[in-house]
Structures are given as C-alpha cells and as structure tokens.
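Structure in structure tokens, see below.
Naming follows writing order (A, B, C and D), and every chain is counted from residue 1.
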Amino acid sequence: MQRGAEMIAWAGAGLVLAAVTTMAAAPAAAQTASPVQIGLVTFLSGPAAGPFGVPARNAAELVIDAINKGELPAPYDNKGLAGAPIDSFFVDEAGPVTKVVQDFRDMVERRGVAAVVGYVSSGSCLGIAPVAEELKKLTVFFDCGTPRIFEDASYHYVFRASSTATIDSIGAARYVLKEFPGIKSYAGLNQNYAWGQDSWGDFDATMQALKPGLEVKTKQFPKLFAGQYSAEISELLAARADVIHSSFYDGDLESFILQAAPRGLMEQSKLVLTTGETIMYRFGAKLPDGVVLGARGPYGPFAHPGPLADWFRKAFTDRYKTPPTYPSYQMANALLGLKSAYDKAGKAKPSPTQDEVIAAFEHLKFQGVGSEINMALGKGHQAITEIAYGKYKFDEKTGEPTLTDIVYYPASCVNPPEGVKSSDWIKSGMTGAKCE
Amino acid sequence: MDGTLRALAVAVIALAIGSLWTPDWIVFLATIIIAKGLVVLGLMVLWRTGLVSFGQALYYGIGAYAVGMAQLAFGLRDAFLLVAFGTVLAAAIAVLLGFLLARYRDIFFAMLSLAFSMILYGTLVKSATLCSTDCFAVLPPRFAGMAAGGTLAKNGLFWLTLAAATIAVYGVHRYLASPLGALTTAIRDNEIRVEYLGYSVERAIHIKYVIAAALAGAGGAIVALAVGHIDPDSTYWTTSGEFVFVTILSGAGSALAPFVGSAIFEALRAYATAYAPYSWQMILGVFLLLLILFLPQGVWSLFQRRVRRAAP
Amino acid sequence: MLTAVTILVDGLVYSSWLFIVAVGLTLIFGVMKILNVAHGGFYSMGAYTAAWAIGLYFNAGWPPAGSYLLIAAAAGIAGTLLGLALERGLLRYVYHRDPIIIVLITYAVFLILENLVLQIWGVDAYLAYQPDTALGTTRIAGLRFSNYELLLIPLAAAIGGGLWWGLNRTRTGKILRAVIHDREMSLACGIDVSRLYTVTFVIGAVLGALGGAVTAPMISVTPGIGVEVIVIAFAVVVVSGLGSIPGTIVGALIVGLSRAAAVHLWPEVELFVIYAVMSAVLIVRPQGLFGRAPLRRI
Amino acid sequence: MTALLAVHHLNKAFGSVVAAKDITVTVGDGEVVGMIGANGAGKTTFVNMVTGYLKPNSGTIEFLGRDVTQLPPRAIVAAGIARSFQIPQIFGSASVADNLLIALGIAEGGRLPLWRALRSRERLATVERVLDHFGILAYRDQAAGLLPQGVRKLLDIAMATLRAPRLLLLDEPTSGISVEEKFAIMDTIMGALRAARCAVMFVEHDMDIIGRYASRVLAFAEGTIIAEGAPAAVIADPKVQRYVTGVPEAMRRAAAAP
C-alpha cells in the first residue's frame, strides 16, 4: 500500500516531466507555415452523425481535395489556401461540452493547427467560442444555429459562415402567411432543448408580430430522441391547428412523420418543417405532398444553379451516391470562406499571418455554394444569407422528390441589422426589413 | 505520516511545480482529471458502504450551476469563493435529501438518486432563465482579487484544484481511519450488528452521503470554471454512470485511487474517441469488463504490494 | 371529455409499450436478482434486426401479412442468440459477485452491444414503416389512431397472460416460482438452477428484443435508441417493486397514463414526469409498489 | 434484589399466530436466567421484543425503572441491554480484531469523533484483553467471515459485551456447536461475563447446560411462560416435560449422569 502509493506519486511526477518534453516538440509543429493544417470537427458517432456529421465530413473531404488539386470552378480555381495545400484531420464532436473543449485545446495546443472548422451543436459553439478567443485561434463554425454567439458577445478569432437559426423561423413565418393567408391558428412540435425552444420562440414571435391575434392551439416539447410521439400527435390532431411548426430533425423527424402521416395529421394541418430537406430524399413517397420544407438557407434543392453549385452537387452525388443536404453545403461554404480570406490576404503578401487572414475574413462577401455569403453581422464575423421555403411534391412519374412554390427571402428580409438582437428585432416587427 | 499521505505530498508538490513548464492543454486536462477525481472520491466513500449512486451527477451539476448563478446573481468572481459556494450548496441539498435517501439501500438507493438527478435535468433543460441546454457561459475566475492573467490564468485554477484535492484526500483518508469511517465496510457487512452496537446506520449513511455530495459539488464547480461553460448534460444519468464506471475502475483501496482511475479513464476515452470514433464505446465496455473480471479491486490493487488482510 | 378519452387511449398504448419493453427486465430480476442494463442492447438489436429484415422482405415485394411473423422471428433469433451467448459465456461466471458489480458488467455489455449495432448497421437510420401503415387507422372520439399502435394493447395483454400461464400452469414455471420465492431452498431440493437461469435469461432477452422489434415499424431506427429506453424501463421496474410481473403491469399503467396526461394537460413536465412518478412512488413505498421489505432472520 | 428488567403483560401476534401472550417477567441485578421451550415457543420473540427488534402489540418493558418499550435497538443498547444472536451477527469482511475495534469505537460514547484514528494502541490492548477473556485471541487476524461456528458465537457475544451492559441476552449461545464443545464454550462465556458483572438471560435447549449455569429458568410454550423457578423444579414440572423437554425424568437423569 505504502510503496504503491509512492509509486503513484512518482508516476504523477513522471507524467508531468513527460508532458514537458512532449511540449518541446509541439510548438515546432505550430511553426510550419505550409501546408496549412486544419482541424475539422463534426459528429462522427451518435444520433447526429447520420443526418449532419457524415454529410458534412463528406463535403469537407470533397472540397479540400478539390482545393488542393485546384479543381474547383472559378473563382476558386487556384490551388490551396493562398497557395499552401491543406492538411486536415477529423475529430468527433460527440460527447459533453467538457470533452469537446478538451479536444479543441488538444488540436490547437498540441497538434498546433492553423485553424479549426466545424461544430454542429449550438452548445459546442457557445462552449468553444470563448476558448478560441483565449487561445487566439482562427475558428470557423459551419452549422450551429444559435444567434447568441455574436449577439451576446463579440469575437476576434471566431467566424460563422452560415446564417443563424433565426432566419429559419422568420422565413417559415413569412412563407406560411404568404402561402396560407387565411389561417386562424397554429401549433408547435419542437424538441425540448435550446434548439427546439428557440426555433419555436422565434417562429411564434414572428407570427404574432406579422399577424397579431392568431391563436396558438398547443405547443408540444417532447424529449429529445423520444421516438414515440403518438400522444403528442393525438394532441395535435385534437388541436386542429391550421399550421404546425416543427424544427424536428433526423430520427425524431422521421419517426414523427411515420407516426403522423397514417393518422392524417398532414391532411388536417399544414406541416412546416424548418429542416425537412434532409429527409426528402430518404422518404420519397412516404412524405405527404404539400408539406412545407426548409433547408436552413439557400442549400440543397434551393441552391441557385451556377458553375460552383452544379459542380458541387454532381461531384458529391458521384462520390457518395447520395445528393448533398444542407449540412454539406454549410461545411463547403465554411471552407470556401476560409479560402477566400486566405487568398485575399495572400494577394497582399504570400503566406499571410493569422491576423491578416482574419482581417481579410471580416466583412467579406464571397461566392458560396448555392448563393452569396455576406459576413455582415457580429462586426463582420457572422454570415447572412437568404432563406427559401417550398412545398414538397413527389413526382410519381420520375419517382423524384421535388419542391413547388419555392419562395426566396433575401438576407435583408430575414436578418436583423448589425447591433440588433434577433429577438428584439422580431418583437419590433422587423423594422427596416427589405424583402423585395 | 503513512504512505498515502507521503505519496500525496510528493504528488502534489511534483504537479504544482511541474505545471509551471507544462503546456496549457495538459494543465487543463489535469484540472479536469483531478476535479472528476474528487467526485469519484465521494462515490468511493459511498461504495465502501455498499451504496452506488446512479445520480451523483445531481451534485456535480449543482456545483457547476452554483458557479454560474453566483456569477450572475452576486457577481462573485473569486475562484476560491465560487468553488466553496458550489461545495456548500451541494452539501446543503444533500443534508435535506439525505434524510430521505439514507433509508434506501442497493438498487433502490441507486434508482432514487437517479430519479432526483433526472428531475433536476428536466427542470434545467426546461428553464429558459438558465438558457436551457446551451447558453450558460462562465466568466473566467479571479484569484484572491487578482484578475487572472499570465501564469495565474494558466495555473491558478490548477493550483486551486490541487489544493482542494489535497484537503479532500487528507480528510477522507483520516475519516476512513476514524471509528465512523470504519463503519463504511461494517455497514456493508452487517447493519443489524451496527444498530446493536448502538450506532444509527441511517445517521452514518447520511454523513457519508453529504461528504460524497460536497466532493461532487466541488468537482462540478471546478470543471465549470475550467471549461467556462455549463449545460444540463452534467446532470444527465450517463454522467453519473461515467462516475460509477471510474469508481469501479479505481477501486476503493485508497483515497488516492480515484485520481489514478480518473486519469486512466480520461486518457482511455481521449484516445478511444480520437483514434476509434466509431468504436470507442466498445473499447470502454471491453475495458470495464476485463477490469471487473480480472482486477476486482480496481487498478489500485495493482499498486498494492501487501494484500489486505480481510479481502471484501 | 375528448381529452379524457385520448389520455386513456394514448396512455394505454404507451403503457402497453412500456410493459412489453420492461417485462423481460422484471422476469430476469425476479428469478436471477440481476438488474440487466444490457436489456437496452437487446432492445436496439431487436429493433435493428427487425427493421433490416422488414426492409429486405418488402423489397422482395411479398405481402405485408408475413412481415408480422418476421418481427417475431427477428426478436426470437436475436434474443436467443444474445441471451445464450451472454448467460453461458459471461454471466454464469460472475453470479457470485456483488449485485451492483453485476449491474456494471451488464452495463459494459450494453456499451459493447450499442457499438456492435453501429458496426453492423452503420450510422444511417433504418425505416421499416410498412407493417405499421399496412394496418391503417381507427377513429376514436373523432381522432385517428394507428391500428398497429392500438394492437400493442392486446399484445401486451397476451405477453402478460402468457407469462402468467407459463409461471402458474407449467412445471418449469412452478419451479421458477419456487426459485423466485426461496433460492437456497430450491437449491437444496436439487433443482437445476443453472439450467433455469439460462432459460429465464434467454426468455428475458427475447422479450427485450421483441420490445425493439415491435417498436421498429413505428420509429426511424437510429443509433442510441437503447439508451433512452433502458432508463424508462428501469423506472417502470423499480416503481413496480422489482421482479413482480403484476407489479410491472401496474407500474407501466401508472407511468404510461401519467405521461399521456402530462402531454395533453401540462406539456412542460413531460420531460421528467416519469422520474417524478418514480420518486413519488419510492418515497411512499420504499420497496416499490409490489416489493416486500426483507425481514432479516436473526 | 433490585429489579433490573421488569416486563409486564407483553403480547405480540404475527397475523393470526400468537408469538407472545401476556408475558410478565422480572430479572434482578446479576441474575443468570435460562429460557427453555420448544421451537416457536416464543423465546426469540421475547428476546427480540426486549432488545427492540420487534415492537410488542401491548405491554411494557422497563429497564432500571425506565420505559424502553418503544425505543429502537441502538437506544436500548445505550440504556444497557446488549444481546447476541442465534445466527452470529459479525462483520464478515473484517478481521476479528477489527470487529472488536469497531464495536469499541462505537462503545466509547455514542457520537464518534471524526478525526481520532480508530486503531490506537490503547484500543488494541483492550481488544486483545477481551479476545483473551473469550479465549479467541488466536484468531485475532483472521477474517471473521471464515471462522468456525463456535468462534463466531464467542466473537458475537464478545462484541455485545464491549459496552459494559447491565443485562445481556444470549439467543442460543451453544446452537450449532458440537456436544463436546458446548460446556467449554459456556464456561468461557460465563467466565467472561462474570468478569463483566452483568445479568444474563440465555435461550438454551440443552437441559444439562440450563441445569449447570442458570440460577432461574423460564419455560416457554405457545408464547407464554408456563413455568418459572429453580432449574431442577422447572425441569421436573410435568407441564414442562410435556411441552418442552418431552423426555421422562428417568431418561433425563441417565443422560445427565457424567
């Protein structure tokens, strides 16, 4: 016992020494300017891997290969980041925030990456942002939605190349009121955590702001990954709301539709799925026509055609045998934003420093896959994009899932002006929104 | 001064000084390891009594949220005070719940504590004021009034954690050697005899429960300060499960065991998730299985030269 | 009125589901005094096997009727294989260990099974909706309910009845009850407990897999479904007083109805109503509803 | 002689089974009382009620003039009544010495100091002395769980005596012990207790042991006391022979002859 205890003590001391020596090597890794090492973080395991993590990882592989080979269409047809090839690796986002932060520190301080691109969960993003600032490391978020990141704080090293989740809700509300002007009531079904609560909150507030006096029949908040929604569906059937809003995604969304469709919920109420695009290819005929789908931005079927978008869709489908969904687009755009910043800074002088890249990234307007991305908010660190919604239509003849009545809302129509919090902007009736 | 305490002294000094030349990410990792070790130390005290709590995340979470709320409510920034607050709050709540839980044994104790932690989880996820699952940021702490900067920012929290761990280990070590501490295994063996020797088993368990809770609260508070972010996951049952896992892994051999176990676990998970993202669960499972089958007294028994007289 | 009816129907459906998922746990605990966390693994294995088999079946274009047999078959095969492997290969070597340690052993097995699922079927969700949709719906109080879900009620009743019959009318069952009642005594009477344990564990495993297989058509089968189920099943079993099958029926009803009531009347608490009920019951009856406090012979 | 224990009209029923019917007993200081009776006659129930393991349905138990009827076991122990068990209640995973150390730790004042170490030189000395009294010093370092039955019994009783009780109830101290050892063990026990100078009530089936050690005998049958008095008289009582010993006088004498 005694001896054993001392062994531990020495082991502990040894660990520290070992650590010190390992550190001797670490900075060396950080110094090497080319190639540019990038850490990519997304869900590789757990329920979120299927719908978000893996599509994003595939997109990253595809785009990084193309960047290194210089195969991207203009304006990205030059090789690498400011000429330097990208050397990247993946890290699993699954696990509590503690672990996610641990991994981030490991990437930055031990592996000495030049930049980190990733994060699906808003929890991760809110946890990482301060750490990125503390460690002074360029970090680009690609999918997480909460507007709080740049509204509650301002960051020098953190960027987000996709819009906040606010535009999903505002867009959904605008679309609903435009397409179904006669509605008297609506209801909500959202997962019981920040994502679901915020999505509903923004949608509800926008509806009340745009058309006061609409009745809220019921708002259901089942547990995340509950899987069983028969009781909620009964409640929604009984409520007979004209419109049902849901920010469900992945397995929960699929389970809900499987359980709701046969019970005729969609015949009785218009269903609005803010992230529905991710499942339309998987569901085909199982998804009733007329369901309103969104893609958290001008992505997937909403992407504006063009050399870049067409290349991405084709290359992705050829390589992974399934069309890209919005997380793929968001990841691609995060990387393209990084490339644009590097190239812009690189024009001034070769192999730019991190601060030069950041300076170039701020307030950057760049061509993203599907639409233009404008780093307009959060002192030039938060992107704004347009948002689009459409109605699902399964084409019996071709067996192709398609969208009808697609409406685009420009960024200025669904994003608050700089310095205004999304929630306040919505309450104020979205003053100054330019929708034409 | 016996071996455990000598080992404690050596380890603490080595780590405290060594950390000056250690890269941040290792210091951070060490902070997390020791903080979680504190939680496990508490579970170890309960486990010696034959009690396993599947809800210790309740107090881990309370410690963490105590830090966040103390910062919001009374602008408390001092690391020491924040950790103390988390510890005391956890202990206070344990004193209350203890009156109830001290009456329960084995699986009922485990499940009732689990239920309590899950109720807290539910309320936290539900509460917009605590920003539900994602917005609770913790401000960087101050140390004795000094705004954290330079070495202090880097090592201050680690040193604080070391200090907390030192106190905890010393305390638990002395406690286990005391008459009341001896009641841990005694109660597991035979409650009736304890009652007929004239001591209240409920009271003994209540005390152990509070000790465990206080340690969990301290651990939670430190982790919150280190990570700078709080979310309800810290109160979810899987978090409790992880702590139980580490308790078994460590073994109840010594008050130092939990920290060794915690270090091994974090290392194991770090590598498993980094290099086998699709099969880290399996690796953990297999590891736990082998451990239980071939190392029933936990990794600590590897370090024990003398086999204890009465093997439980 | 409408709400009352829907609460009743939803509650019964959910209770039946809970019973089907939890009864295997009860059986194993009742006989072997093992709280089997791996039950969650049986559940997801059953769900994936069924979903995968159903997928193949309907791609082959065969009539829906057969798919129900397929569900049962999938559960039977998956459960038997897992149960046998686990009991024969692992558990029988650790029966002498501290019950809590056995819980952890099954927890380790659960982790491994969860991952096995991932290895075999990948991260993408599986859909096996056909058996559900094929049955159509029924109108109750003006609301359409899925017949498949309604059928869970008779199914649960059948399983409960079957177990009752098995335990009270068959020879093995009577022996089992003897073991449940007094293990030492039955050992003394020369009952081959080891064989009984294998039988019991396999039945329990099959019931666990059945829970998953039956659920598969209602949900999108994704990684991690076992985690969510296991705690809920535990709650039911603990509320019922551990190891009592009538208790499990009552426990499932209480939990199921209170959740349905919460969804319709007070959605905010749905998240933790199950645990609230559980603590309430345990506070009032520390041994659970049907549990007996052990009086130690001195 | 002052009444140490005074039990009045004690009744206890488990459902329809009457385990104690109107039991009234007084025990004086330093008395050694034997309790006989067939299995299920109510001896252990009586012991359990006096030591607080069971609560009587009616009746009172006074110890040193204080009503202890409703007290929990630990309070009764604190009041000065200790007991041993038919099935020895010991800390199986601890060593014999540690068993006594723990008992001693508790015995020294109900509330335990958190910081003073249990394993002190003085306590170890006391423990060894007690072990020596009970003649089990040789087993000091063995795990209690692995002891032979006789030693368990002695350890169980030794732990009960550590708190210097005024009254000690022994539930079948010699059950499960071979006939050869019985007397030796009883001698040890009684020797040790005489040193401890406390009254003893012990349950016993062996009439010879009763005859040898008890100064007074209570004969139980169907939950009530059917005879009470000096051993010889009680054993000779025909009622007792019918209900308890079940052996004719002659045979008993023959058996008793050395």
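Assorted remarks:
One rule holds for everything that comes next: a contact is a pair of C-beta atoms (placed from the backbone, for glycine too) under 8 Å apart; a residue touches a chain by one contact, two chains touch by 3 or more.
What you see is a predicted model, and the numbers here were worked out from it, not measured in a lab.
If you take subunit A and subunit C together, the chains in touch with both are B. Greatest centre-to-centre distance from subunit A is found for D, with centres as Cα means. Innermost chain of the displayed assembly, by C-alpha centre distance to the whole-protein C-alpha centre, is B.
We define each chain's centre as the mean of its Cα atoms; on that basis subunit A and subunit D are separated by 75 Å. Separating the centre of subunit C from that of subunit D, both taken as means of CA atoms, is a distance of 49 Å. Our note on geometry: subunit B versus subunit D, Cα centroid distance of 44 Å, whole angstroms. In whole angstrom, the spacing between the mean C-alpha positions of subunit B and subunit C is 33.
In subunit C, the residues touching two or more other chains are 118, 268, 271, 298. Residue numbers of subunit A whose C-beta contacts span two or more other chains: 45, 192.
Counting partner chains per residue, subunit B has residues 125-126, 192, 278, 280-281 touching two or more of them. Across the complex, subunit C meets subunit B through its residues 35, 90, 93-94, 97-101, 103-105, 107-112, 114-116, 118-119, 227, 231, 234-235, 238, 242, 268-269, 271-272, 275-276, 278-279, 282-283, 286-288, 296, 298.
Within the complex, the subunit D residues that touch subunit B are 51, 72-74, 77-78, 82-83, 85, 89-95, 98, 101-103, 105-108, 110, 112-119, 141, 143-145, 159-160, 162-163. Listed in rising order, the residues of subunit A touching subunit C in the complex are 45-47, 49-51, 53-54, 192, 218-223, 225-228, 230-232, 234-235, 237-238, 250-255, 258-259, 261-264, 282-283, 286.
Looking at the complex, you find that subunit C touches subunit A at residues 2-3, 6, 9-11, 13-14, 17, 118, 123-125, 127, 129, 132-133, 136-137, 143-146, 149, 215, 217-225, 228, 259-260, 263-264, 267-268, 270-271.
Against subunit C, the residues of subunit B that register as touching in their complex are 50, 52, 100, 103-104, 106-108, 110-112, 114-116, 118-119, 121-123, 125-126, 192, 237-238, 241, 244-245, 248, 278-282, 284-286, 288-289, 292-293, 296.
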